[in-house]
Amino acid sequence: MSRRLITGNAAAAWGARLARADYIPAFPITPQTEIIETLGNWIDHGEMPARMVMLESEHSMMTAAGAAAATGVRVFSATSSQGLLHAMEMLYAVAGWRAPLVLVNVSRGLASPITLESDHNDVMAARDSGFLQLHCASCQEVLDATLIAYRIAEDPRVRLPMMVNLDGFYLSFTREPVSIPELDEVRSFLPDFDPGSIRFRAGRPISQAVAVLGGGPYSYFRYESHLAANAAADVHREVVMDFERIFGRRYDAIETYQCEDAEIVFLMIGSFSTKARAAVDALRDAGEPVGLVRPRLLRPYPAEDLRRALAGKRAVAVIDQNLSPGHGGTLHCELAAALYGSDGAPPVLASFVGGLGGRDITAAEFFEIAKVTKKAADEGVTPEPRLLFQESELREVRKLQAIAHHERGLTGAEHVE
Amino acid sequence: MSNDTRFHDIKDLPSTHLLGSGTPMCAGCGGLQAVSQIYDVLGPNTIFVNAAGCMTLLSVYPFTPFRGSWLYTSMGSAPAGAQGVRDALDILRDRGKIEASEDMQVVVLTGDGSAYGMGLSATSGAIDRGLDFIYLCYDNEGYGNTGQQTSAATPHAARTSTSTGAAGYPGFKKDLFSIWVANGASYVATVIGTEPLDLARKIEKAAKLDGPRMILSLAPCPTGWDYDPKDSAEIGRLAVKTGVWPLKEFADGEVTHNKKPRKRVPVVEYLERQGRFAHLFEPERQDRVLADIQSKVDRYWDAVGS
Amino acid sequence: MYRIRFHGRGGQGIKTASRILGSALFAEGYEVQDAPRYGAERRGAPIFAYVRADRAPVYERGIIDHPDLVVVTDESLVQVPAAAVMTGLCDRSVLVIASAAEPELWQQRLGVTCRVLTLPPGPGEGAALMGAASVGAAAKLIGQISAANLEGAIRAELEGLPSDVIERNVGRALESFDSFESHAGCVSEGEALTRASATPPAWVELEVEPTSISAPAIRGEATSEQVQTGLWRTMRPVIDDSLCNHCSWICSTLCPDAAIDVGSDREPIIDYEHCKGCLLCVAVCPSHAIVVEPERAVDEHRSDP
């Protein structure tokens, strides 16, 4: 074991290397590219005995990944944002093949407008694909989650592909101290891939991914994927216990911080949750009973864990770094569905949308979110959903609009009609 | 060629067939006719990686006609699926995890809709990477599985369900053969099910070579081309005799024409037997369009020389 | 509500027939719903279409389980289980079969007590006009459609086809319409939906099952041979052994469906379970040794292997 300062991208690459991935179909996209460059470099210098192939698109990349996994090798790939969307048809397809593989997604906002910076709309768009999802808050977690993901995906009770998500820039290009385990230790946690019954070999005919006619068989196969995804919750529990035993780091399906006696709880995923954690400390210092819940596992959805952690709380502030236009934040909606009608469900679920396109969420904003949510709990009235967007930002946008629309002699404000 | 082949005479062709019967392809399908013959030569140690098209319905749960393997991918990325399977088999062989006898020939099975359009980027990428695979396109000159809409393989003036006017499809069939040659394929051949000996020799040859290899089969289509299923063979033969479908191959840097019709039959005889060209004859005969089609064929063969 | 089901083969104009009947009922002031039902199968494969008509808006959808009238345009389908021609027939249903045989013979063969009528094809008439004939029959049996509205519906539906084709179809439909005068209005409207008549669903809990069976993968070889595509056939190729010159199995090589094998004695054998009846072999046989015979459901010939 060595402890080094590495980026989240490097941590993902180390995860693939330690998992002894056999095959890496790749395609570059910011802010993911460093992952495949790192792996390519190791392969070229004989440090990693894998085969990498550059495809001409993410759609092809995901097809090759699924096909290779279905042939019986351990597959790793990585993408981001538009790339994930370009591959989307194949995410659904490959999940239905029940071919286990790990895909790292480096979260980045979606066009239009184009941005390079982080938010979670890309990974949220893949929620319904059948890929399982783990979300990371630190570079260490990226490496560890990659190893954990292989164990879950390849488990005979699951056999579904799994995605590991890290935030662009805030983790992808950010260095943090990371313990890099020894290969032997990893081998005892994650043995070689046993493809079981799913493989292509001469003399053992199999027609894979065939069409079905009729709603009955279709319902059966789709629902079996759902049941397998649900079964992954138990498998996750076993796997992370094993991981803790070997490596000493614990990764429950949801992370809770200062929750036990909290009245108000922040709920969010990804790297900004460490900022929420820092805010919780400051709020506690100020005497406010605030806590934090961070789902790591988003598919399968840890509904029971969340119900347990949030039972009896006065209010939850859900902070979504994604936006479903015409609806709002996705985590908020999913949490509401999980809590509705359950014993001790918090009476107030406040929705905050922030951190879109890489926008920061400041400590002052976390404090304000806590204040608004506490007031809502006191009054028993759920507040309107709130976009985290300040006057200074609007002033900045107005300046940009004035330049963009200069030839028409309009300022942003006049242009609104 | 004849020295390298086990197919000297039509009597050398298999008399029992590998592909299972009972598929849902239309009666008289010229594409299935070719695929069945091709499978006889390739043998069961083949995995077909399929792009969306008519033949996606060859395998509908729980029925498959194959004695080897099959993987359906998508309309746009079958060659990438072939890449994944080929690479994985190579990895497993390199590591000694499978025997050479467990290896398979990887074959993309695609219609013209994917081959000439949506799948072309993935196809070109696979050729760029020198992927060791066979790419088999059954070309029925339109999106047949959805009712014969115009594709980039549709010939000039043909009526399709999206080109129903008096002029038919105004565009021209794309030259996929030349695209493959230019892209750097190791072998490219045209075939048709009604020339089984030529077809068998070409598949035999393709199977022995490495790298990206394409077999492009014209697939007379009673449903999409609007003729009686029993005429499928006759229409296929006329496609060759009129010179509309040149039987040729590219290997070792050269294009060879395997069958040069000594006296080409006028293209009208091919066109008038198909409902999709009926508007060129009724209510009035469109002589100019017919002459244009003929002269395009003539120019092709003039360039080939004798 | 009237619930009418048409059964035929792909390419025989079943969809058109159902649309004509739907349009004619609509012209009579009914609220109408009509739709074809396709599978993956192609020309020659069994398909069906249905029409619902009521004075009130139609809220039912999809397959008709309890038809008032079933029209079969291809008699060879009646005994094909996959075609499900007999599904939901009860005593008050009416069954019309395009067949030259007597209705009593059908009633006896099928062991049904409902009213059975046959629609004999005209002399030398192929399948082309059976759609028109069957829609004419259906219109008369329902008894709510005038000849003028039937004709109008046909002309509207066939618009754009050559005029001689339209006239032939109109003529055939009206001839059929008139020929069923003695049965006019024998089809009665079925019951409205009631809770009492429904069987409660037997819902099951699905368990998570191993991926070896719970993914859409097939491990058998050539399982397609369990599909009897021979049932698509309306004409069958028959090899005349005396004429077959045991050539280099041209028929076998060119059969798209791998339905002709050649035995060690070089005798070609047609696999009638799977031959779809494209008759390509008839066209290519160099010695003209393959002849064509019609498939008939009721005569003894059909029961041959």
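A, B and C label the chains in the order they appear, each numbered from 1.
FYI, a residue touches a chain if its C-beta (ideal position, glycine included) is under 8 Å from a C-beta of that chain, and two chains touch if they have at least 3 such contacts.
What you see is a predicted model; the values in this text were computed from it and never measured.
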Item to check | Contact-richer chain pair (by C-beta pairs counted) among A-C and B-C | outcome: B-C
Item to check | Innermost chain, where centres are averages of C-alpha coordinates | outcome: B
Checklist entry - What chain is the most remote from subunit B, judged by the mean position of CA atoms in each chain? => result A
Checklist outcome for this item: Note: subunit B sits from subunit A at a C-alpha centroid distance in Å of 43
Checklist outcome for this item: When centres are defined as mean Cα positions, the distance from subunit A to subunit C in whole Å is 53
Item to check | Centre-of-Cα separation between subunit C and subunit B, whole angstrom | outcome: 33
Checklist outcome for this item: In subunit B, the residues touching two or more other chains are 57, 59-61, 64, 66-67
Checklist outcome for this item: Multi-partner residues in subunit A (2 or more other chains touched) are 205-213, 217
Checklist outcome for this item: Residues in subunit C with touches to at least two other chains are numbered 39-40, 216, 218, 220-221
Next on the checklist: So in the complex, the part of subunit A that touches subunit C is made up of which residues?
Outcome noted: 96-98, 156-157, 159, 196-198, 205-213, 217, 220-221, 223-224, 227-228, 230-231
Next on the checklist: Which residues of subunit C touch subunit B once you look at their complex with the stated criterion?
Outcome noted: 39-45, 216, 218, 220-229, 232, 248-250, 252-259, 261-262, 271, 273-274, 276-280, 282-284
Next on the checklist: Per the contact definition, I'd like the list of subunit A residues that touch subunit B in the complex.
Outcome noted: 22-23, 25, 51, 53-57, 59-61, 63-73, 89-90, 93, 200-213, 217
Checklist entry - Taking the complex as given, what residues does subunit B use to touch subunit A? => result 44-45, 47, 49, 56-57, 59-61, 64, 66-74, 76-85, 87-92, 97-98, 101-104, 121-122, 124-125, 128-129
Checklist entry - Quick one: in the complex, what on subunit B touches subunit C? => result 9-11, 13, 15-30, 32-33, 36-37, 57-67, 193-194, 196, 222-223, 229-234
